[in-house]
Structures are given as structure tokens and as C-alpha cells.
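Two complexes follow with chain A in common, the first pairing it with chain B and the second with chain C.
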Partner chain A sequence: MSVREWFALIAFASSVLFGSAGLVGMFRFPDPYSRMQAGGLCGTTAVFSAFIGALILAPNAAIAARVVVIMVFFLVSAPTGSYIVARFTWQSGTPVWKPLAKTKRLSRKKEPT
Partner chain B sequence: MTSLLLHYMQWFLIICAVVCIIRLLVGPTAADRLVALNILSGVALAFLVVRGVAQERVLYLDVALVYDIFGFLGFLAIARFLKDKISDGEEM
Partner chain C sequence: MRAEKKWGFIRFMLTTLFLYALWLLFTASIEPYSLIFGAVGSLLIAALTYNIFIARHQANLRYIIPNPFHLVLYIVILVFFLYQSSIHMVRAVFTGKASPRIVHFRTRLKSDIARMVLANSITITPGTITLDLNDDHLTVHWFFCDTSHAKLAGEKVKGRMERFIGNIWS
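What follows is the complex of A and B.
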């Protein structure tokens, strides 16, 4: 295992970690907004660390240069896409999720009933 | 070892894409579908790049770049089309 493969292993491991966390979040969260956050986590962080791993393992300069160009453009397009979805959802007035009364037992302070 | 890493990474990205497709089909509101679509294009891009590096074919990376550019434009068009439909939420 050369040093390059260790760094690539770290990058891919973080990509798998963030990806699975994002996927679980996308199904567990009750509200489009929180799903959006989990989705952004999975769709941007996991993909970007996969790019870093691919960049480290790139066999020659031609491939490495192209991966860098793709990384730059991906950093522009992915967050913008997430922002647009959030903006359209907010402008169209999707209601924000609020915990029901009975789940308030977790909060320490006494709720005025 | 390198090909092993890239091989498993491709399988993981395929699983991510399948789960995103499930989210796309299930998603109650149009906002969830847009989120799933956004992630799906990112995951597909990552799969193309990882496969391009694994098989050392430079063509895949060019395809990935063009895919990202047009995917982003397509996503803008879809988001704008769905802009008014997101509010009612019960149907796509």
C-alpha cells in the first residue's frame, strides 16, 4: 500500500461515510428542508471526496487535469442547485416541520400548557 | 490495490444512485424529488469520474464534464418548471 493509496483510502472512506449518512438522513428526516440538508451533505460532500480520491489515484496528468476541472465546475453547480431548490421551496410556502406537543417531553424547561 | 479501491467505490456510487432513485419515486412533495434529482446528477458524475480513472479512459472525464454542465442547465429548467407546483405538494 503506497502512500497515495492510503490517502485515496481516506478520501473514499470519508465519501462512503458522508454518502451513507446523507442517504439515511434523506429517508429519516420528516421535512423537505431537513431532507434537503441531508441531501446536500450526501450529494456534495461525498461526491467531492470521491473526486479527491480519484484525483489522488489519477494515473497520468491528462486525467488529473480533467478531474480538477470537473471538481471546479461541480463546486459551482451543486451548491447552486441545492440553493435553488431550497429557495423555490421556501418561496412557494412549504410549511416547516414543527415537533408535535407530545414530543416536547425532551425539553427540560416547563412548557406553559 | 488501486483497482480494488476504485471498484468498490463504483459499487457504492451505484447503491447511492439506486437509493436516490427510490427517493425520487417515493418523495411526496416535488421538493423532495428535486433534491433527489440534484443528488442523482452528482452521484452519476462521481461514478463517471471514478470509472474514468479506474479504466484510464480520458473520454469518460470529458463526458463527465459535459454531463455536469448540461445537467446543471437541465436542473435549472426543471426547477423553474416545478416552481409553482412545489407549493400544493400533494401531486407531482
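What follows is the complex of A and C.
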């Protein structure tokens, strides 16, 4: 394997890492906003890391330029998607999850709602 | 009426140029068939959508055309912010430590595009999601909240980014 492929491998590995962390967060947090924080943010970073890997492996400058344009469009579209979901959640009046004041942590026990 | 028409024409031409530049970048060929087809396509799409792409009331070219140097710089900084905030988020997922709260604040940016970019940047930077953008009033869900003071919260969430975006669409 060349140096380039090693760097691409690091990018793809971090993509997998962020993606699975986002998935865990999506199931772990109790309310829609926090789930969106974890899922949306880590999902964006996962796809972005995959694009960086593709950019490193690009065979010539023309394809690299296209990948860069796709990355910029993705930076615009991914937050817009989570913004739309968040906006409708907010307008339907969903309350925000408040962790227990003492620990400020996600508790193991079921919290009273 | 005359100024209105002129402004409409400028918006139409800007939209066409933007679409045609993207077409050239994506096809990357200089055959006459591809060039003509792209030109006709971008004219058609621009005629249909220029009113949405650049709103009528944004009557100032500096609100629409970005400063290219600052734009590229900002995208690089944004990627750095994206990774930093993801690492924060991964840590929060595994420790379960958080203090979510809704904060409200105002922005001083004037142009619609700059406000949209600010809202999107807030969504991808450390633990914040924009819930609502109403003229210059932002409602933000902040995941690692440590203050309830509106001005301080605004400065902490958007301070750095607002300064950069103010340079792009000044």
C-alpha cells in the first residue's frame, strides 16, 4: 500500500468511527433535540470524512475539483436537513430534556417525565 | 420601473453564470454540443428560478457576491470546527454528560445569505442546532450550555463565526 492509500484508510476509519458514535448517541439520548445533535452532527462528519478519503484517492485534478464541489454542497445541505426537522420539532412544542440537576448526566434509571 | 427591470436582468445573468460555471466544472469537456446544451439549460433554469435564487429585496450586490478569499478561508475553518465539535459530541455520547437548553439571541448580519450561512454554521459547530431563524432573531438548542445570559450565550455560540461571515458578505 502506498502512503496515499494509508491516509485514505485513516479517513475512512474515522468515518466509520464517527458514524457508529452518532448511531449510539441517537439511541441513547431521551429527547428529539439531543438525538438530532448526535445523529446529525456525527452523520455529517462521517460522510465528510468519506469524501476526504475519496479526495485523497482522486486520480486527477478534474475529479478532485468535482469532489471538492460536492463537499461544499454537502456542507450546505446537511445542516439544512437537520434544521428543518429541528424547526418542526420546536414548532410542535416538544419540551427539552433536562438532566438531573445534581449529576448533569444521563442517568441509568428511567427518568420521570 | 426601469430600475426594477435592470435589477431583474442582473439577477437573471448572475444565476445563469453560476449555473454555467457549475456545468463546465462537472462536464469538464469543451465539445461544442456540450457547451451549447449547457448554455441553453442554464438559461432555461435561470429563467425559471432566478426569483428564488436571489430575492428581489436583496438590492445590493455586496450582499450577494462573496469575497472569494474570505469564503475559501471560512470553508477551511468550518471543516476544522466540524471535526472539533464532532469529537466533543462523541465524548458526550459516551459519558452522557450534557446540559441542554434553549437560548435566544440576535445577529447583526444584514444579508439573507449571510444569515442562512450563519444558521447552518451554528448547526454544525459545537453542540448547537438552529431551531428558528426569524429576520435577525435566532433560536438555538445548545447542548453544552453553561450560561443563561443572552448576550454572553450569543457571543459564545456565534461570536467567532459572525466575524468571519461579516467579512465574506460585508
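Rule of thumb we're sticking to: the second predicted complex is superposed on the first by the 97 of 113 C-alpha atoms of A that agree within 3 Å, B and C clash if a C-alpha of one lies under 4 Å from a C-alpha of the other, contacts with A are read in each partner's own complex, and residues count from 1 in each chain.
Going forward, a contact is a pair of C-beta atoms (placed from the backbone, for glycine too) under 8 Å apart; a residue touches a chain by one contact, two chains touch by 3 or more.
This is a predicted model, so every value here is computed, not measured.
Contacts of A:V69 after superposition on the shared chain: both chain B and chain C are touched. Contacts of A:C42 after superposition on the shared chain: both chain B and chain C are touched. Within the superposed three-chain model, A:L57 lies in touch with chain B and out of touch with chain C [touch as defined at top]. Of the two partner chains, both chain B and chain C are touched by A:S82.
Of the two partner chains, chain B is the only one touched by A:G19; chain C is not. Residues 22, 36, 40, 42, 44, 62, 66, 69, 78, 80, 82, 89, 91 of chain A lie at the contact with chain B in one complex and at the contact with chain C in the other. Residues of chain C that touch chain A in their complex: 22, 25-26, 28, 75, 78-79, 82-83, 85-86, 89-90, 92-102, 119-121, 123-124, 127, 129-132, 139, 141, 143.
Looking at the complex, you find that chain A touches chain C at residues 17-18, 21-22, 24-25, 28-29, 31, 33-34, 36-38, 40-42, 44-45, 48, 62, 65-66, 69, 72, 75-76, 78-80, 82-83, 86-87, 89-91, 96-99, 104-106.
Contacts from chain A toward chain B in the complex involve residues 1, 5, 8-9, 12, 15-16, 19, 22-23, 26-27, 32, 35-36, 39-40, 42-44, 46-47, 50-51, 53-54, 57-60, 62-63, 66-67, 69-70, 73-74, 77-78, 80-82, 84-85, 88-89, 91-94. Across the complex, chain A is touched by residues 1-2, 5-6, 8-9, 12-13, 16, 19-20, 23, 29, 31-32, 34-36, 38-39, 41-43, 45-46, 49-50, 52-53, 56, 58, 61-62, 64-65, 68-69, 71-72, 75-76, 79, 82-84, 86-87, 89 of chain B.
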